[in-house]
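Heads up, the next two complexes both have chain A, just with different partners, chain B and then chain C.
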Partner chain A sequence: MKMLSTLLFIVMISVADSVDAELVVIGNNDLEIRGLTKKQIIDIYMGRYSVLPNGLKVIPLDQDIDSSARKHFYAKLVDKSISEINAYWARLLFSGRATPPRVVKTEKAVIEIVTKNASVIGYIDSSMVTDKVKVITRVE
Partner chain B sequence: MWNKISHHISNRLAVLLTLLTLVILSINATIVFNRTYQDDLFQSRHNVTQLVGAVANTAAISVYVRDTVLASEVVDGLSASDLISAVALRANSETISEQGSFIDGKKNDWIHFPLYAPFDKDELTGELIVQANDELIASYANKAALQYVMFMAIHSLILIMAVVLLLNYQLVRVIRKIASSLHDITPGSNQRIQVETRHKNDEIGMLASDINQLLTSVETTLTRERTLREEVENLERRFRSIFEQASGGIALLDQNSFLKVHNPSFATMLGDERMQRLTSTERESLAAIIESETNAIQNAITQALNEDGPISLDIKLGDETETCWVHCLIAKMQDDSNNAPLLQIIMQDVSERRFREQSFQVQAELDPLTGLFNRRAGKAKIQQLLDDAVGTSEHYALLMLDLDNFKPVNDNFGHDAGDRVLMRLAEELRNTVRSGDVVIRWGGDEFLVFIKQINYTLEVGQIAEKLLKVIQRPIPLDNQNNAQIGVSIGVAIFPDHGFDLELLTQRADQAMYQVKLTSKDGYAFYNDVISEKE
Partner chain C sequence: MPVNTITYWMGIVFAFLFSISSHAFELDSSKFRINGFGSLGLTKADNELIASRNNVNQKGIFDEWSSRLDSNLGLQLNYDPTDKLHFALQLVAEERSNNSLNRSVHWAYLGYDVTPSLELRLGRTGPNAFLLSDYRKVGYAQLWTHAPLEFYGQFSSDYGDGISLIHKTPLAGGVLRTQTWFNQSKLIYNSNGEEIPLELKPTYGITATWENDAWTYNASFVNVRFLDKKEDYKAFQQLLTASLPIWPQINPLIDEVTLDNTQAHYYGFGVAYNKNDWTIQTELSLTETESSIINRTRSAYVLIGHRFGTLTPYMVAAIAKNDDVDVPAYNVNPFLPDATNAAALALQQGTQQFADSFHKDQKTLSLGIRWDIEPKVALKAQWERTWVDPHGGTLLMQPEPLDNTETIDRFTLKVDFLY
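== the complex of A and B ==
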């Protein structure tokens, strides 16, 4: 009984941890989009489109390859592990038709690049959001 | 050809097995071929599906991101397979990459693989169309099925050969051996079939042992039959020699006395002429050819047919010059079947006996000196004539003669002279009466004369006178002397003076004594005597 409650506790902590890390997709304040569907975000991040249906070109930013933010982001977005995502890009890499998003080392750098470029989007922890960027959607 | 082959069981078996196997093989081969073909076809389709499955993810990604390079990579890779003749990668209606030529006629054979977005399994992004290389697949399948059938055929062939060889070794060779040794065995001999020890307890052993039992029983039976036949032949030979060498004539007749079988003695007895008549094509019966005895033979045959015992009769054969008497035994013969009974006739030549008997009889009946009937035979003769006369109106006369003056001849001139006188008188008497009449030497110097069918006393008187006269003739005794004999005659008439011989002689005697007492040299009837006495 005691074992079971301990196990239950650990599970609750881990759930709390993941829940804790809420990610949001941010864009430049000048970006003229009201919101993006999850599918649109997937298509942008997985290299299907770089231009939105309204003609707007969008450039996605990725975080550090091994960062937990990236891990959480793809897990929530497409339910894939980092290695699966890497394998996906590896298949497309040699043809050059679609390229993986540009990698930015830190969340601060993400915010900075988004702030400076009107067509760039990125994802950060929700706690890091400033008024220099606007939240396009939450990643759930 | 077939005949030559079919002489051997193993060949026939091989041919039949091969035919049977061909039939079964053709049925099986059809089934197996179709099955193998279908399996192979299915397997090839399955292989195509697996091949496509291996690149499906990559294809889906290439469609997702519209990566034509990646797409053509996928398409090229698939079309490199022999099993696939054409591949196309389409994103909705737009063809991204295509390899090979799709044939519209085979649209039904196209395999469509739907492609979904890599990160959204609900979104259909395109499809991969594959046209299987059906000709090649079919030819592969065909080849595989044919190989399988060939394998089966070779397998069957080897099995048949093995079966035939084994049968030949285990069975046919042994049976052939038995058959050939049976072929060489002469029925009835003591040869037997030998089998190897390993067959002692199996069917071959049983067959051989049964055949041997049969051979033994055949041998026993044949030996017995041979012995029996020899016995029968011996017996038959003896019977035949009895039949052929018998001194008596033996013959078989049918019911009408037609000759069926006869022996040589029979033919000899009957003579050539009669045998000719008996055996010629227009043959005559035995009764018919012996004319003198036809009725007697016919009667005897009828009697023999109706009675159980043999009938015997004597028949006279031969002609005037040579008489021959044959004693015949005729008996009915009924064999086991229901045929009409036959008659057996056994003939014995009894001529010699018959003649001997006759001469005995004659000697016994006659007086040795005079050759007249002696008293006993004479009485029998008269008795017989009297018996025949009873019931008729015939009259017979009995004359009793007693010589007078005979004793002096004996006394004076000796017995030889007396005998000569008696012989002379006897001859005179015989010459005086008819041949049918009877003359008897009744005693020493007494005679009895029996006259048949007389016309009563007148005629008898004449005969008596005649007798007196011939007896009174002088008989020369020597050169100087003659014998003068007288006679006294007494007469009795049948039936007037009696019916039986005894009475008649008695009365004739009385009449004669009367004559002797009174006058001598005279005759008297019994009637006269009676009347004189009275």
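== the complex of A and C ==
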């Protein structure tokens, strides 16, 4: 019985690890948009087009290259691995088409920068959301 | 003021602004970035008569191992002093003919966002006409070990000094990026060890790229005027002119033995699909010149790869071809001395050899695999076989004219990285 409990626990841990934490894209409370479509988020984070219909140029923030948030974010957003994303950004960066999003080390730092800059957006775990920022969209 | 001088001063201004911006080593990391890329490649070719290379600027390799063709190191600095101003400097160290610091500077430009969708760039920028654009030097960004010689090898100019305008707009579920430019540059064609410098002055063009999550379409038009400052061809022209009384048929070709003051037009079209672990990419191009000796070149390639975890096997098929040039025959005149007839025949043969030296007729099949070892490191291995039809090896190096079809087997092992 004890062995069964242990196995069940291991399975639950594994499942819990495989179920991605919910990620949300956040923006400054003064950001004059109600929400962004997934396509707009892709265009912004893939360096294609970052100008919103109201003329505002959005600046995206990325998380650390080794973070699980970054891995899950791009997997859900464009179904690509970190290596594929790196190769993609190498193409844009070294051809002068775009510069990759600025990397911020922690989710707290993402919130802090977004709080201070009206045109900056970032992605964090939904459990980290505070009233200092607003959720623009959920990454599903 | 010559544009080269402007580029030189752009570099100085960049360095100066960097040094005076508060404290150089305390710059806001959101405004200043340093990125780099590099490749270490080992290549083995197997033909003693015709040398393999990646572009016409390189000195090729015969039956030997070499690290010269597929190795490079790049450094890029981006500095955005304001939301609208951008400076960029890119240096690439690699094997090239007539190497110099100036030729290692691929970018040195100032960009200004006229509107959020429109950017103006002044200074030195990379070539823009191709699907790979100027990231063809960045091995990590590509699936293969090197871009196909048949398509990319004939365009060995790495930069242009001038002005360009970039516009982006959402269109039909994707984003349309249009770039127009007007600049000048230099190209050095390594012909069997002899370096032939050509000026491309002016160059202007437009390229439009539309892309969404899966598809990229690219269409380009470029116009180039070549200036050949070497005087060698003038003696050749004088010789042909002197032969006109006994060989009048050569008359239409006399003005065409040089590229000096010749216009060329490039038309390119590319499509890429990159989704669901598939990479499929193809480009077609047509290059026309005013010279009937260096005539219409058609080139194309197809790349197909599929990703299995960290491994991506791929294959590439590429072809380049232009039309044969038949130099008019010299008809032996029985009323002339034998020596005169012999000299005229030798001149006809020499002219034919000269025309053949610009002939392209080759194709390559490549098989390879890319292994993403680390998020910023990839190991690649590629085998390729190139078939070169008689006199068709202009893109390669052939010290002696070849009358038979030749094949080259080439193997490349390469590590590409970002830093």
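The rule is simple: the second predicted complex is superposed on the first by the 120 of 140 C-alpha atoms of A that agree within 3 Å, B and C clash if a C-alpha of one lies under 4 Å from a C-alpha of the other, contacts with A are read in each partner's own complex, and residues count from 1 in each chain.
Note that in this section a contact is a pair of C-beta atoms (placed from the backbone, for glycine too) under 8 Å apart; a residue touches a chain by one contact, two chains touch by 3 or more.
Fair warning: this is a prediction, and the values are worked out from it, not measured in the lab.
*Asks:* Name the contact category of A:A118: first (chain B only), second (chain C only), both, or neither.
*Replies:* In the superposition, A:A118 touches no partner, neither chain B nor chain C.
*Asks:* Of the two partner chains, chain B (first) and chain C (second), which one does A:V78 touch, if any: first, second, both, or neither?
*Replies:* both
*Asks:* For the three-chain arrangement built by superposition, which of chain B and chain C touches the greater number of chain A residues?
*Replies:* Of the two chains, more chain A residues are contacted by C.
*Asks:* Taking the superposition on A as described, I'd like to know which of chain B and chain C A:M128 touches: first, second, both or neither.
*Replies:* Touch partners of A:M128: none, neither chain B nor chain C.
*Asks:* With the two complexes superposed on chain A, say which partner A:S95 touches: chain B (first), chain C (second), both, or neither.
*Replies:* A:S95: touches chain B and chain C.
*Asks:* Just to be sure I read the superposition right, which of the two partners does A:A109 touch: chain B = first, chain C = second, or both, or neither?
*Replies:* In the superposed model, A:A109 contacts neither chain B nor chain C.
*Asks:* A:I33 contacts which: chain B (first), chain C (second), both, neither?
*Replies:* Touch partners of A:I33: none, neither chain B nor chain C.
*Asks:* Is A:I42 touching anything from chain B or chain C once the two structures are fitted on A? First, second, both or neither.
*Replies:* A:I42 sits against chain B and chain C alike.
*Asks:* In the superposed arrangement, what residues of chain A touch both chain B and chain C?
*Replies:* 39, 42, 48, 78-79, 88, 91, 94-97
*Asks:* Spell out the part of chain B that touches chain A in their complex, as residue ranges.
*Replies:* Residues in contact with chain A: 58, 61, 64-70, 73, 118-120.
*Asks:* Across the complex, what residues on chain A touch chain C?
*Replies:* Against chain C, the touching part of chain A is residues 39, 42-43, 48-51, 55-57, 65-66, 78-79, 81-84, 86-88, 90-91, 93-97, 99, 102.
*Asks:* Can you tell me which positions in chain A touch chain B when the two form their complex?
*Replies:* That would be residues 39, 42, 46-48, 77-80, 88, 91-92, 94-98 of chain A.
*Asks:* Flag every residue of chain C that touches chain A in the complex, lowest number first.
*Replies:* Chain C reaches chain A through residues 29-30, 33, 35, 37, 74, 76, 78, 83, 88, 90, 107, 109, 116-117, 121, 125-126, 133-135, 137-138, 140-142, 168-170, 173-175, 177, 211, 213, 275-276, 307, 310, 372, 375-376, 378, 418.
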